[in-house]
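As structure tokens, the structure follows; a few thoughts come after it.
By letter and in written order, the chains are A, B, C, D and E; residue numbering begins at 1 in each of them.
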Amino acid sequence: MLLKNNIPIGYVLGKVRHDSALVAIYAVVITILHEWKIFSFDIPIGGVPAILGTVISLLLAFRSNQAYDRWWEARIVWGSIVNDSRSFARQVITFVGNLYEAGACGALKERLIKRQIAWNYALTKSLRKQDPYEDIKRFLSTSELEFVKAYDNVPNALLKLQGMDIHRATADGLINQFQQIEMERTLTKLTDAMGKCERIKNTVFPETYTLYIRLAIYLFITVLPFSLFGLFGYVSIPLIIAIGTLFLLIEKMAVHLQDPFENKPTDTPMSTISAKIERDLLQMWLDDKVDSSRTEVNEENKDVFYIL
Amino acid sequence: MLLKNNIPIGYVLGKVRHDSALVAIYAVVITILHEWKIFSFDIPIGGVPAILGTVISLLLAFRSNQAYDRWWEARIVWGSIVNDSRSFARQVITFVGNLYEAGACGALKERLIKRQIAWNYALTKSLRKQDPYEDIKRFLSTSELEFVKAYDNVPNALLKLQGMDIHRATADGLINQFQQIEMERTLTKLTDAMGKCERIKNTVFPETYTLYIRLAIYLFITVLPFSLFGLFGYVSIPLIIAIGTLFLLIEKMAVHLQDPFENKPTDTPMSTISAKIERDLLQMWLDDKVDSSRTEVNEENKDVFYIL
Amino acid sequence: MLLKNNIPIGYVLGKVRHDSALVAIYAVVITILHEWKIFSFDIPIGGVPAILGTVISLLLAFRSNQAYDRWWEARIVWGSIVNDSRSFARQVITFVGNLYEAGACGALKERLIKRQIAWNYALTKSLRKQDPYEDIKRFLSTSELEFVKAYDNVPNALLKLQGMDIHRATADGLINQFQQIEMERTLTKLTDAMGKCERIKNTVFPETYTLYIRLAIYLFITVLPFSLFGLFGYVSIPLIIAIGTLFLLIEKMAVHLQDPFENKPTDTPMSTISAKIERDLLQMWLDDKVDSSRTEVNEENKDVFYIL
Amino acid sequence: MLLKNNIPIGYVLGKVRHDSALVAIYAVVITILHEWKIFSFDIPIGGVPAILGTVISLLLAFRSNQAYDRWWEARIVWGSIVNDSRSFARQVITFVGNLYEAGACGALKERLIKRQIAWNYALTKSLRKQDPYEDIKRFLSTSELEFVKAYDNVPNALLKLQGMDIHRATADGLINQFQQIEMERTLTKLTDAMGKCERIKNTVFPETYTLYIRLAIYLFITVLPFSLFGLFGYVSIPLIIAIGTLFLLIEKMAVHLQDPFENKPTDTPMSTISAKIERDLLQMWLDDKVDSSRTEVNEENKDVFYIL
Amino acid sequence: MLLKNNIPIGYVLGKVRHDSALVAIYAVVITILHEWKIFSFDIPIGGVPAILGTVISLLLAFRSNQAYDRWWEARIVWGSIVNDSRSFARQVITFVGNLYEAGACGALKERLIKRQIAWNYALTKSLRKQDPYEDIKRFLSTSELEFVKAYDNVPNALLKLQGMDIHRATADGLINQFQQIEMERTLTKLTDAMGKCERIKNTVFPETYTLYIRLAIYLFITVLPFSLFGLFGYVSIPLIIAIGTLFLLIEKMAVHLQDPFENKPTDTPMSTISAKIERDLLQMWLDDKVDSSRTEVNEENKDVFYIL
């Protein structure tokens, strides 16, 4: 299962169509003026355009690298959220246990796992500046929902609820002190992941670089026709449009990649990942519920099940 | 022992043969048209082709770096799987121990180690979208096999089994609480490794970059003959084919490296690594079994064995 | 909420206006001398300017990358401060607890959380070489304020106070030994973050690189007119100004990014981040206070609240 | 003490002498044919050679970076082996202790430290595919030597012995449970280092890149004389040899750096590092032995020794 | 407080003055020969010099990046030493505590903190191959000084002393087992930092790269005059010197940065950092001493001090 199909070309192309149109009009006008001998002015292409081409290439390489790094880091963070969600669920299932309070244990496991699922959806929506309550109300009790509504930062509130629940469970003897600390560490990892997403979301990429690159590209496009029409005549029009659009496209792609939480086709597929985590965690939990009942019935058959 | 021979050149070359053929046909047609004076049109090579050459070179460098990084990260992840498998086996052998339950300890060790071996094969097959059951049934009991069949994600199910087994062992006093947490951490590392593989597998590299590069290469090949035939005549045909194919090959290589879990010759050698882990872990386990029996017999000779 | 609007273009442009003016004057003088035939000297642009252009481009790419890395690392460090502050607050709320000393627990929680908020403001001011006391006195008692005033390094003093408070709390039985170590580790992470900020603040970027780049740019600008006026006449004046200013701007941008704690528009938005941490932590704490009272009242309703 | 002198230039130069000779012959033949007017064909150097030069430069930069990263990572791994060996020895000396079993403690310390020294030598030899027994037999008892001989992977067997010894020591009360886990973690770090070395050793660098680069270099050398003899005559022969050899040397250097465990002059100095670890660890151990005896004698003088 | 002023330009310039002088002499001789018509030979600058310029630029970018990374890593390591020293001091102050042995605790704290200060100076001197005893004797007792003198590696000996002291303190009940392990971990971090410094110090940067770059630069300088004097006449002399010196300077800067522990102006400011650590740690310690006395007096006022 691929998490996302490719970014539709048409989508990205659409983003530069105004710029490309301007480039086309400019190229046509200048070339016609030249061909009708109204305006004539030649530049050897090995000079200014070549220097500008090198500068633009290096700026675009720098720009693309940084934008790609932000996009890839966003993906890595969500990958680690998948891992930590699974590890947290496994810890819940294998740490929580008290022979005398099977009921309380079961309820605790359900609360912790469902809240973790809710956390993923809440973070997704919160990063996209959308209302999270629709998605998370399936997994939370009414009182929990009310609790988190008081917070600006819903995922953080959920982590606090998790921490408080684990605290209580420790006090009630459902998990031991070392296990509390171990689960708390997983919560810390999730806090880190959340903070990393917020950092990428809230940090504006220094816009001045974009400005410099666009400046350089427009300067390049301005001088390019004068280097080409002497050699190509009307053929220079498509060439100018092709080269100009290529530069603009690469620059635009970087702009898209650098903000991976804006609900665009280039986004990190957070909803899909959250749904995948939901599937995995529910499977682990349901299975454990069944298994617990089965174990209760066949406690004497334990050895049969485990020994090879 | 090298884990993999080199990628056969013929294999990669085969991937670009259609493109190269098109380039060849185009070069021949254009050159003949020119030599027969049907069509004549010269471009100084220092101009458009040089600028495009610089742009393509930088795009290819960016592309190759990112693809290589994915490929190398995949290899690093599998390297860490080797390490964590060995460390887990060592933990199993040196942590599990209870003088009064030697039998239960031996059975537990066998289950944990064989399940770890199975996990590697399961992950391999699961990343390649192949049926894992053939490979893992050698290491699992029938009931375990049934258990994991209920899961979409087989390796994750195996990790859950490991966690549950360790949980039981803690309750039964075969390992202590600190050891449980330490082994649980190794399971968390394996969960992380699994998630990293899935991330690389499921994240499409932004295809638009490939598109831009191919666009730039085709534009370059389109204008190249006009710069060359004036200088080289028929000799320009092999030159165009050589330069065009070189660019196409570098781009194709990046496409191959970026998806390292697709069962291609450029793949991460997961099967070989899994077999190597199997060998190491079985050796550690068998040896421990022998050693345990020997120790039982010669308990009094312990000092002889260990003191230098 | 975006943490910062973009860097105003005018601000950056203002930084190079003297250099740009000099470039403009030079370009005008040289071109006029040439046009009036007083001085005539042509250089093919494909030669020295092209080589210098390549050198400058690569130096600027190196420079921009290193400066961006410093700026981005500063942002990452402050992102981790957000995470660790939240995790610390969660630890405070979920670790501190002793049925017999609810009052002492409440006071401890308040002290620890407020001191953590103060720490962020203190670090902000300390990195900007400003007086921190105005900001932090809201969160500290008079005696604490006196205590930290004796230190050169205020944030470090606050961390020591935190450690001493946790030490006392352990001795008094409000938290256990494992929890002490876990909270101590969070303090260590904050110490690390503080040290990283100081490293970036106090390490001068090797100024020689800046020198080399400026030398290369001025050499380039010196020879550029001789390559252009033969081709463009008076049109070469704006071209020289545009290309020269572009290079100077990119270089200046790097100089700005490399020192992210100097209270400039390109800075890491430390005050905004500190205010955000204050909001989150106070929300977590107030809510806990309310929750504690409520819990005290409805201790019997606990299950109602938590079970779904 | 520098760990290694420089790589002898002659050594590297020797590796390209066949290629350089071919380049020389080709350059001489082509130039003579041209000078004798037998063959005449000019290419402007700004065209095909310049484009190929840019492509080759970028490919070589990519190649050198990746090769250097492998080489530097190998060095980092061995640096961490030094650190972990020292930390392990310090843990052995400061953790192992039991007032009633001074003799057993001393023997245990000796075994653990000597085995760690042996591990370094064993890993060195094992990575170089050489027989490790000569080096390690000084540090191991006969029975240990026999034990490890049964293994394919000798360093892994030694780590297992360490783990088993620590396990026994825990059972015998020479170290406590937390210390066992802490030392086990150091063993895990050593397992990781070993696995990283194996990864670098066993992963073939994608040979296709080497192929592409050599292809591009040979294409470049093929067309270069045609661009030069028109300008330089016979002087072009040394120029072609110099430029061609320069490219070939850079490429060859990358090939050398990428495999740092092949017993070549460019290697990671594993034997030297192992000897250095041996010196440090023996010093720490001997000193501890002396110190232990001294302490036994002067137990009453302890305070004298430690208080300033 | 900036840790270091800038590297004096004159210093770096001084390093290339011999090379620059040679370049100048060569440029003058060749140009005069040409102007006097003794020797005449023109090369179009777009050809060989442009290709060599690109190759040199990329090699210099590779070289500068690697050298800068070494320099920056050295700075990061010393940054982490600052952090770990502070954290260690905080641990000493907040972990060590035993109501019945206030005297022993105070002495232990003093020994541990002073020894940590000594460690920084010892590492500084040891990396610079200087005698460390002058600097560290202020912080160590005579017996400790004698102890470390027996070691080749003084900082390692100090860490062993720390470990042994902590071991004794654990046995004497001044700290608990978990705290021992936590402090031991800080020692491990310091061991790692020390090992990283040694790695950077002792690993020769592959000198062949320097050789290739200088070869390319000299080849470039050799052909450059032939491309310039036809265009510039005597003006080409300063141009050749400027461009040649620029390349040599960039290369020399890399050579300087790559070895950051050689007591040169480009060095990591280890002495300054060590002094800063001394100031911070002594402040933390003195303050704790005062605070301890004060606390003893006002034990009943504790609440006054801490409650807001």
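FYI, contacts are C-beta pairs under 8 Å (C-beta built on N, C-alpha and C of every residue); 3 or more make two chains touch, one makes a residue touch a chain.
This structure is a prediction, so every number in the text was calculated from the model and none was measured.
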item: Intersection of contact partners for chain C and chain D; value: E
item: Centroid distance [mean C-alpha coordinates] between chain D and chain B, Å; value: 23
item: Length of the line joining the C-alpha centres of chain A and chain D, rounded to whole Å; value: 37
item: Residue list for chain C, restricted to those that touch at least two other chains; value: 44, 46, 50, 54, 57-58, 61, 178
item: Traversal of the chain ring from chain D via chain E; value: D, E, C, A, B
item: Chain A contact footprint on chain B (complex, rising order); value: 42-44, 46-48, 50-52, 54-55, 57-59, 61-62, 66, 107, 110-111, 114, 140-141, 143, 150-153, 156, 159-160, 163-168, 171, 177-178, 181, 184-185, 187-188, 191-192, 194-196, 198-199, 202-204, 206-209, 211-212, 215-216, 219, 223
item: Contact set on chain C toward chain A in their complex; value: 1-7, 9, 12, 44-46, 49-50, 53-54, 57-58, 60-61, 64-65, 68, 71, 75-76, 79-80, 82-83, 86-87, 90-91, 93-95, 97, 176, 178-179, 182, 227-228, 231-232, 235, 239, 242-243, 246-247, 249-250, 253, 257, 266, 279-280, 283-284, 287, 291, 302, 304-308
